[in-house]
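Just so it is clear, A, B, C, D and E label the chains in written order, and each chain counts residues from 1 on its own.
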Amino acid sequence: QDPQPLTIAVGTSVLNVGYPMLTLPVTLGYWEEEGYEVSVEPVGASLQALQQMVAGNAAFAQVNASVIVQGNVVNDLPVKVAMANGVIDWSVSVPADSDIAAPQDLKGKTIGVFSLATGGIPLMNSWLASEGLDPQTDLELIPLGLGAAPVEALRTGDVDALLYWASATAGFENAGLELRQLASDTWAEYPDYSLAVMADTVESDPDMVVGIARGIAKATVFALENPECAVKLHWQNYPETKPTGADEETLLAWDLNNINAQLATLKAGFELNGGEIWGTVDPDGFDRLQSFLQETGVIDGTVDPASYLVEIEDYAAQVNDFDAEAIRAAARDCAMVN
Amino acid sequence: MPDATGLPAAASGPLVRISALEKIYATRDKGNVHALHDIRLDVADGEFITIVGPSGCGKSTLLKILAGILDKSAGQVEIAGRAVEGPNRDLGVVFQAPVLLPWRSVIENVMVPAIVQKSDLGAARQRAQRLLTMVGLDGFEDKYPRELSGGMQQRVGICRALVQDPAFLLMDEPFGALDAMTRETMNMELLRLWKSLGATILLVTHSIPEAVFLADRVVVMSPRPGRIAEVIEVDLPRPRRMDMFNTPEFGAHVGRIRRHFDSTMELD
Amino acid sequence: MTDLDVAAPAAPHAAADPAPAPRSWKESRLLPLSLLVVVLVAWEGLVILLDVPRIVLPRPSAVAVAMWDGFASGLFWPHLLVTLWEILAGFAIGAGVGIVLGVLIGLSPFMERLVYPYVVAFQTLPKVAIAPIMVIWFGYGLTSKIIITATIAFFPLLANTIVGLRSAPRDQIDMLRACTASEWQIFRMARLPQALPYIFVGLDVAAVLSVIGAIVGEFVGARAGLGYLILQMNFNFNMAGVFAILILLSLIGVGLHLLVVAIQRRLLFWSETHAEVTGA
Amino acid sequence: MTDLDVAAPAAPHAAADPAPAPRSWKESRLLPLSLLVVVLVAWEGLVILLDVPRIVLPRPSAVAVAMWDGFASGLFWPHLLVTLWEILAGFAIGAGVGIVLGVLIGLSPFMERLVYPYVVAFQTLPKVAIAPIMVIWFGYGLTSKIIITATIAFFPLLANTIVGLRSAPRDQIDMLRACTASEWQIFRMARLPQALPYIFVGLDVAAVLSVIGAIVGEFVGARAGLGYLILQMNFNFNMAGVFAILILLSLIGVGLHLLVVAIQRRLLFWSETHAEVTGA
Amino acid sequence: MPDATGLPAAASGPLVRISALEKIYATRDKGNVHALHDIRLDVADGEFITIVGPSGCGKSTLLKILAGILDKSAGQVEIAGRAVEGPNRDLGVVFQAPVLLPWRSVIENVMVPAIVQKSDLGAARQRAQRLLTMVGLDGFEDKYPRELSGGMQQRVGICRALVQDPAFLLMDEPFGALDAMTRETMNMELLRLWKSLGATILLVTHSIPEAVFLADRVVVMSPRPGRIAEVIEVDLPRPRRMDMFNTPEFGAHVGRIRRHFDSTMELD
């Protein structure tokens, strides 16, 4: 029987080592075992991924949780959460030797951000407001994008801090910055990177949803057990993602930095949603998130948090139906790297 | 019923009938130019008409209107009983400037009307070759226009007008850039062609003797606005021969035309 | 002088066509506008019929509302001005540099061989890729966006100017040379006027590119401008707003185009294209 | 016939210049290449002197190493082929559509008034903004990138073709009309040859833009190609690798440019520019 | 020491000295054209030389080389003792085609040499106006070239050559597109100018009578490769008058020149 082709649109433009939950199932054949031939397509950002899914161009979309909320609340789109993979892992990074030690110290400082329309800004603003600052007047934001610009800006002192997500921050450290992170404790209570699926897909092919989610769960288990093996597997299958310009050991260290940043999020995500059974999505997390988004004016109204869940009987149990220990063993063994 | 020229003759009457023709050019400085005023002229089938007149009197304008490439302002122009609405297949036109296509070789330029009118190209190439030889351009078939002298370009233009054996020829100073001898030979060739084709010819020239020598009738124009000052019947016998230039009748015609230039205009 | 061609029996259509109605209809601006209406109605209809999710393609009516709101609330104005300034300044600088460099290269085949391949090489660098470097060099403000715009806008002018300057007929140049004209005088009196039609095509292309350039520059990192607003609205899932801004950008482009055309009309009055055309 | 001008006493420099050495030096490819060397040395020197961090501007030597590695390891090849295919196909489609549409509009002022403003409007839409729709319509594969490339490449050709077709001298058109040439024949025999110099400028600009177009298309979302590789390397802060690819892109652009020039040389042999120039 | 013409005279000897001049054009089809062969000619200061010869014999080529806008292939060309390396301020050139700048009005076209040579523009404008009136173009100062007839354009070209009162005039069939009467008047005007300016003139014409009427010497050329067949001294008294056309001496000169055309070439 031929595997069934399907597409996952990913809200990123680079499928680097930081997406083990999506790349490893392909590399290790988890989805093939489920009977699916999956293409994982980087399509830019979360909104574009959602657009592709809504337009029927992709069965799943890996997007920020806030985008799922916006899709439901702002656009009346029945977008469900098939896997809540991560939590919000943004932070305000300052140079390790900076005298900024607490949020209050950010008063009057300049902060580099990816763009002025980025999810981290409402997070930071409400955090600083709760600490008694007025984010509108007390700080200056400078949009820097990714790559060299934020690194240089911080190095030269054009900005005093960088507000980015974890894997980006890991990249800055790889580029030679020594950073210290400030973040609100509450941020990790919000779900973030998630696998989204349309309600009618869930209805028409629940087995597929389960199969895809199970692959992701298995891959996450694998990567958590042996990140180094995950990196090497990634290099093997996506050679263009392997960094260059240093000795092998350093390269590995860099990418381990990257993947660990992501894995910490995945782990936190797992724990946020119960920490016992893969595939469980805690509606409370989405409720907190949509309340937060409403407070900060990103959305206008909320929906019943339960409506974010996929309506499949015993969904979590089905997703969890695999031999985790065998996978851990295979990961430790890491025999597939040649 | 088509007659010998290939043009369907008007039920009765002349091949070309021009009446009350006016042409006013609008110009940029708002000073409109009244180029033609109340032109009336009938041309019989097979007639050879020459047009003389001072520079700027509207000769080229008249020819362009007849060729169907310029709109008239008022009046009527008919060829073979039909109002001129646009160009006509049976027409051959020699322009005052040679107007060659720089990306085509000499022989390809001569063949343009044949290509446009989808004639047999092999036969057309032979005709083009013969015409080029006739005007003294054999050996230059494969050169490009910018490699030719002014007079040579003009001769290419003449060949182009003739390549389709047109029944009606409009020629605007075709021999202006040619030396006296070549010009005389070309005159004789043209008369020979006119005879053998039975064509109708309207030819603009600045040489009064040439006008008389070639024509059945000479149309003398006067300038601003361009009018027909006189139409002179040339009753010299055909075929014309070079020695006629020295006959008193010839001289009388030339003198009569010259008088127009002397009286109606000083320098212009 | 006023008796018209009423006697043409062999060409009845000429007489049967006395009223210039279809021509004036064609010539009016009505038809293009009615095309617009057709397009908009079809778009609205298709979105409704095919049930296209509005997150993918909003309806024109929603876009119109967003446009109205954007202006009525005053939200669009400051961003519009910022982007307009980036576009105009970038266009002007890019066009200016393109023409001047085009003149230098166009007048000297030596310069062409020396410099032109490098210009082409520089030009093929994706601006998106070098935009961060521009930002590092020229700061986070408008300057870097203007420079990005200029680097995109200048190439069509360069290429068109070079070829335009070389299109001057040899006999005009010979004539001027025979008057002992210097290369500079030949340039002013023959090459430049002859190059104008080319330069105007270049301006037209550059106008369009400079709109794109400003937006690309703003995408890379901006604190104001329509490109920034697009990001913002994308973030807020306001697709109707995004499309309203896209339409605004298109209008800026069309406006620049019309400006170029208007200047061209004034300068190229002598061009043969405007001469009367026979009705044949 | 062989006695040369040896007696010109009033113009000594004419006789003092018997060997064409400086000219052949100028005409050789050596000088542009030596300029390249100068630029590279200056770049390397400045980076070292000013201690520019390699994350901002890598040294040319590092870029050369990255280039070598990229090819030696086989990493660049598949991506190069993908992008090359996108560029060439997008360029060909864009140029083709641009010329054909340019012909339709150029031959009909009516079409121009009807369609051209919409084309300008469409053209000013930032391709990055409409890329998701392209992906929805044309899929994730190469097709959507080729189409994005084509939509960027087509406009210079459109604009240049339109003006080029209108640049045919009136007397040539009158001549053909007098031969009863149809509009199509006039197009083939006069307008098109006359438009060729314009069309080649358009091709030159389009060549450059199609390189940019393919990269922008890949930036929006791709799994292969040099643009994808740039993102990848950018993410890894591998600036030397990014610059190596940027240089590769430039070389593709220069290659396309040289191709356009070579075709132009063959087709425009009759153009006056190639005529001999007086030594004055 | 500059003489009356403004050109510094060679220590001794003629104003123009051409010896062993060769011109070979390379053409696209590899069939090179040998346009001029072994041309030797001296022109004295103040002399009026006319050149006749069949179309394509190299007349325009010779003038372009003298004007410094075309490279010679071999030989020597000197003006006022200097080898011709490029154009010369004291030169006025009338080209075979009018070569007007379409974006300049008639009077602006006439003033081009004055603008190029940075003369007093007010005075130049007055001169231009006077010349335009002389050639019958008053009222057309502000028109644009494409609004003129062929002959009118040619007259603008003549005015342009004259506007700087050049000491040395090269004229390539300047009156080719003019009607007989205008042409005669222009001939008289040119002789008057020549006299009053003390200029040296080389004029190409296709009219043998015109060549004889104007010239001190007539250079007769023969074609392919273009050579000088004969140089004929015209000993008619100055000032020339119209009625000289009918004298036997005049006829003898004309006849002698015509013989060249009859014998050396058939049609070409």
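Just so it is clear, contacts are C-beta pairs under 8 Å (C-beta built on N, C-alpha and C of every residue); 3 or more make two chains touch, one makes a residue touch a chain.
Computed from a predicted model, the values in this text were never measured in an experiment.
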| item | value |
| --- | --- |
| Chains in simultaneous contact with chain A and chain C | D |
| Chain pair with the greatest number of C-beta contact pairs | C-D |
| Distance between chain centroids, defined by C-alpha means - chain A, chain B (Å) | 85 |
| Between chain D and chain A, distance of the C-alpha-averaged centres to the nearest whole Å | 40 |
| Interchain centroid distance [CA atoms averaged], chain C/chain D, Å | 19 |
| Whole-Å gap separating chain C and chain E, where each centre is the average of the chain's CA atoms | 48 |
| Junction residues of chain E - those touching two or more other chains | 28, 68-70, 86-87, 97, 144, 146 |
| Interface hub residues of chain A, defined as touching at least two other chains | 51, 55, 147-148, 152 |
| Sequence positions of chain C contacting 2 or more other chains | 56, 133, 136, 170, 174, 177, 219, 272, 275, 278, 280 |
| Chain A contact footprint on chain D (complex, rising order) | 53, 55-56, 62, 66, 69, 73, 75, 79, 131-132, 135-136, 139-140, 219-223, 228-229, 231-241 |
| Chain E-touching residues of chain B, taken from the complex the two chains share | 25, 27-29, 31, 33, 52-56, 59-61, 96-97, 135-136, 139, 142-144, 147-152, 154-155, 173, 176-183, 185, 206-208, 258, 261-262, 265-268 |
| Chain B-touching residues of chain D, taken from the complex the two chains share | 171-172, 174-182, 185, 189-190, 193, 270-272, 275 |
| Residues of chain E touching chain C in the complex | 64, 67-70, 86-89, 91, 93, 95, 97, 99, 101-103, 112-113, 115-117, 144, 146 |
| Touching residues (chain side chain C, partner chain D) in the complex | 26-27, 29, 31-32, 35-36, 39, 56-57, 110, 113-114, 117-118, 120-130, 133, 136, 155-156, 159-160, 163, 166-167, 169-170, 174, 177, 197-198, 200-201, 204-205, 208, 211-212, 215-216, 219, 227, 230, 242, 246, 249-254, 257, 272-273, 275, 278, 280 |
